[in-house]
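Letters A, B, C and D name the chains as they come in the text, with residue numbers starting at 1 for each one.
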């Protein structure tokens, strides 16, 4: 048995880098902080790979089952004898997989940013916060207990906020950061309450105890409590709200498109590959308890995932900002993962959806990061986010073109690229469990192919725009991550997830379901074909279509007005109907009451002071009468 | 002289030293030296406390001393500390130390200013070490009265009004409190025999329930006024807005804690049965404080008002947790006092520094300060993050302990109220980010501000000390939490014996 | 009616009558003179009670000293012929009610209380005893009040001078 | 008693009447000197009480007697100071109405 204690260094190295760069970054050339950050992450990545190797192929498997191994654990804060927050590292298939994903993508982004962010003001700050983010995300996936997860969950939120508002002099970036933070914070409230309920029912925060399929925790809280759902279901649903917030599930998704205000590498790292899948990871982490004691909650997770994926895919078809298209695409893909979890059962082949979800998480991280970094390269070349400013770029950006194409093919599910495999597993899982969700996903598969290729054709084909200066290919330091991720996108589909990452740790075998696979590939191809017809050359068809489905088009273009609804709720209801009246109430009613006490006192004394006339005889008169009356009262009435 | 009395003697000596000073510079230096010694002394007290515990002293209070000073009412100068008072003393030490540096630039009547400020701190130290209710009350008044002068003379805005309001409301609270304390005193020996003011002795007897019903609310509200209990919190926005920087720091940072500490040490500890019966009323009030203060802060425009309302919300959480009557929640309450003390002091220090430069506190008139004064801005962001409960800073530790503790309550009512109180974390995020967004980020609104300088050495010292303390608690909370919960054990024993749940 | 009773009746009659006149007369000098009668009659009462020294003091100090002082100040501050305006009806009625009801209350109370006269032999109050008592610091000695009152007298004299002294015109 | 059939109550009643007459005067008169005279009446009535009590209830003691003595001395002081004050007031207002002296109002 190998000691996994060193795994604590995987998150620790980035946080040390954060502190070092953050405190001393202004003292030396900015580029040095970039190298430092990258170096730190490289070390973390190396450690992660080593861990993955050790875990999956050497020691993780005991009697055919991947165990949960606590690599390191220390009590951080003690609430009661049973409830305490520990900080430590928990190794199991999903956390080790996430380690690999995060460190890989993060490393790529670090390298990429050396080129992309070159010469930016706040370069050191960028790398510091990037390290902070990596730390938080690694801490999150390694969490041994749900409260540790919550801690890092919050840290992830803050680093995301800092990165989105990186260009802090731009009001839209500031607003976007604020929005992201507050929306996810709102979701976190659900998470927190969920944690409180869960810990109240089960008396523990510890993942190992919580998710032990034979443990006591699973059995708790089964009885119906409120609205016909059990306490456990409510707790898990609330926790899922937290996950939905981070993973931008409908209707808590509104922050994600705006978050694209951040620098593009950040979008790739946080808002595509890592942070946004935290919600999926959370559900997967608690999957045992979801599946065994609150199947209703799991079903809801599935439906939310399905709705989100459809909803986002529809919107993605009409957006013009390339990063926003990618953002909605991310939402849609995460919806896929959630759906996969929702249609999964626990153990063996029942757990196909679980496996598929993790599989898709992995491949999606690769190709979506690739897409974003590619988009970054495009933006770097054109200095615009807007698709209408682009066209015919394939001549100028050959490398970007090829890698971007690979990524688009991957997401469209063209075999044998990785996207095909993982998406296929999800569709199979859905097909077996829930035909309705399967239908949605089937449709979304086509939409995905369509909007991705709409993007692709619009940017790389079509007419040349009048560029201020000829767009130039990105420097090698940016191209290397693109190529690396392209290779990963192509080949990661061959990783045998069925034997590595399963719901109960045991390997199972599943063949390719051709009855699902062939139609899904076909609909992907149809989507690509339609995009080809519409956008390869500029035609009038899209405009015609838009005008004939005006309502749908406008709704989709405006993201179905969800933002406006939120704005209405926050501005008109929270601000105008709660906060303002409270502030007014406080200043006028409560404070007015306090002031009126003072006023009454003042008023009374103003009236009483007339008695203090300074007239000696008046005093004497009152005094004598008073004495007489009192004497009378005491002697004759009270008879002392 | 024993170590605890020294805590009072040093400030008094400093005050005497200031009396002999000739100019601003000397006053500052003497105050700084005195308060540095005081800080070191506070640290020593805490260390000695640990040493004493390590040596196996398990009595409830250590370093106890008793001297009679008014024998006909059996009023004694009885002192002693447990883990809770030890950490509160440390908090006070840190804040008065930073407060002196934050008021480095006070020019008019600086002698009188520092005398009042340090006198105030003396009262606070005395309050925390007292075991005798009357002596405690005496120190409480010593701490409250200089506030009037400090705000009324060195304040800004409608200072006389604010000073008057603050002092009158606090005095009103004191009046209730005095009645409550007298009530406890006259019931301190229901079996007959000598009456006592000593908290530890009273804790051994059970005050008759009828008396508790009468005096618990008086005591709780009396202390609650200082702890900004809704609806007696309105002195807080006005008072803080008008007070000079160091006074806001000390007031929000420490004085408001006297309220929470008193509620906990006297009202809850000595009258648990009544607390049990009537707790729900105050739980509703405090939960209202928490949410209401947060909502109130959302729309304010003046930095100090925002912070004052935020203090209402956070201090409400302290009282809320105290009322939950279980160890974890109370542990959280004490930590929240310390955490809020540090971060609100940091906030007010920063606001004072920003105001000293821009001469406005209206956030909409400022913008893009991050570019002009990055150091102060980053500190402000850190303070904000601490306030909204970012893990790794003290706020998170305290709030989570409170929430987890409160939610462990077996009664459903308490759990539901906890959920309501939890919702404040979202609203807190809203107003903190709103301020950060408007004030620090975005484009620079006023070109005049571009000339302003970043922090000077004494300002850096103030903020860095506070941030270190905040981060220290946030990163390694276990020692603090364990110290507090160990000391809470006897208190909880007494309280839980009265529990009806 | 013994002669004593007759004397008492006369003295008390004078006292009551002239007291009332003192507070009601419209001419101030007359008030002073009426007061003098009252004080002298009081001295008479003291004589009746065998307190000759006290009676003497009463006549010299009160009747002789204070009243003269009062008359001097009257002469300093008022015209002799000056008449007071009549007191307002309302004021005098209310005052009278207060005073009379107070008097009735007091008198009723006095009359209801059974005072038991002491049968102890009366002390002969001669000058010797008075002088010794005043300077004695034993039980029943009055040296402390005596000293105090002398200081008070001194203080009062100085105070009177200081107060009445004309202030320098500024 | 020795005192020949005059009960104590007579003295007390007399003193009470005198006292309240003095009170009446104090309340109604405007002239400060007459007010002073009323005070003398009041003091005098108290003196009578003291003396009478001394004689009737504690004939073997002299407290009442001496108290009266001291009261007379105090009355003398009081009269002296009062008249000094009255003269000052006269200088200021040119009359000695008590109504002028209301500096101490609110």
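Here, a residue touches a chain if its C-beta (ideal position, glycine included) is under 8 Å from a C-beta of that chain, and two chains touch if they have at least 3 such contacts.
Everything numeric in this text was worked out from a predicted model, so none of it was measured.
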As a test of whether you follow the contact definition, which chain pair has the most C-beta contact pairs?
C-D
Could you work out how far the Cα centre of subunit A sits from that of subunit C, in whole Å?
100
Using CA atom averages as chain centres, what separation in Å is found between subunit B and subunit C?
66
How big is the gap, in whole Å, between where the Cα atoms of subunit C centre and where those of subunit D centre?
5
Averaging only over C-alpha atoms, locate the centres of subunit A and subunit D and give their separation in whole Å.
95
Among the residues of subunit D, pick out those that touch two or more other chains and give their numbers.
23, 27-28
By residue number and range, which residues of subunit C touch two or more other chains?
95, 98-99, 102
What chain-chain pairs meet the touch criterion?
A-B, A-C, A-D, C-D
In the complex, subunit C residues that touch subunit A
94-95, 98-99, 101-102, 105, 109
Applying the document's contact rule, which stretches of subunit A touch subunit C when the two form their complex?
621, 624-625, 627-628, 631-632, 635
Mind pulling up the subunit B residues that touch subunit A in the complex?
165, 168-169, 230-235, 237-238, 292, 295-296, 298-300, 309, 327-328, 331, 368, 370-371, 385, 388-392, 396-397, 400-401, 403-405, 407-408, 415, 418-419, 422-423, 425-426, 429-430, 433-434, 437, 440-443, 477-478, 481-482, 485
Which of the residues in subunit A end up touching subunit D in this complex?
609-610, 612-617, 620-621, 624
Seen from subunit A, its contact residues with subunit B in the complex are 75-80, 83, 85, 147, 150-152, 154-155, 158, 161, 165, 168-171, 174-175, 177-178, 181-182, 185-186, 188-189, 192-193, 196-197, 199-200, 574-575, 578-580, 582-583, 586, 590-591, 593-595, 598
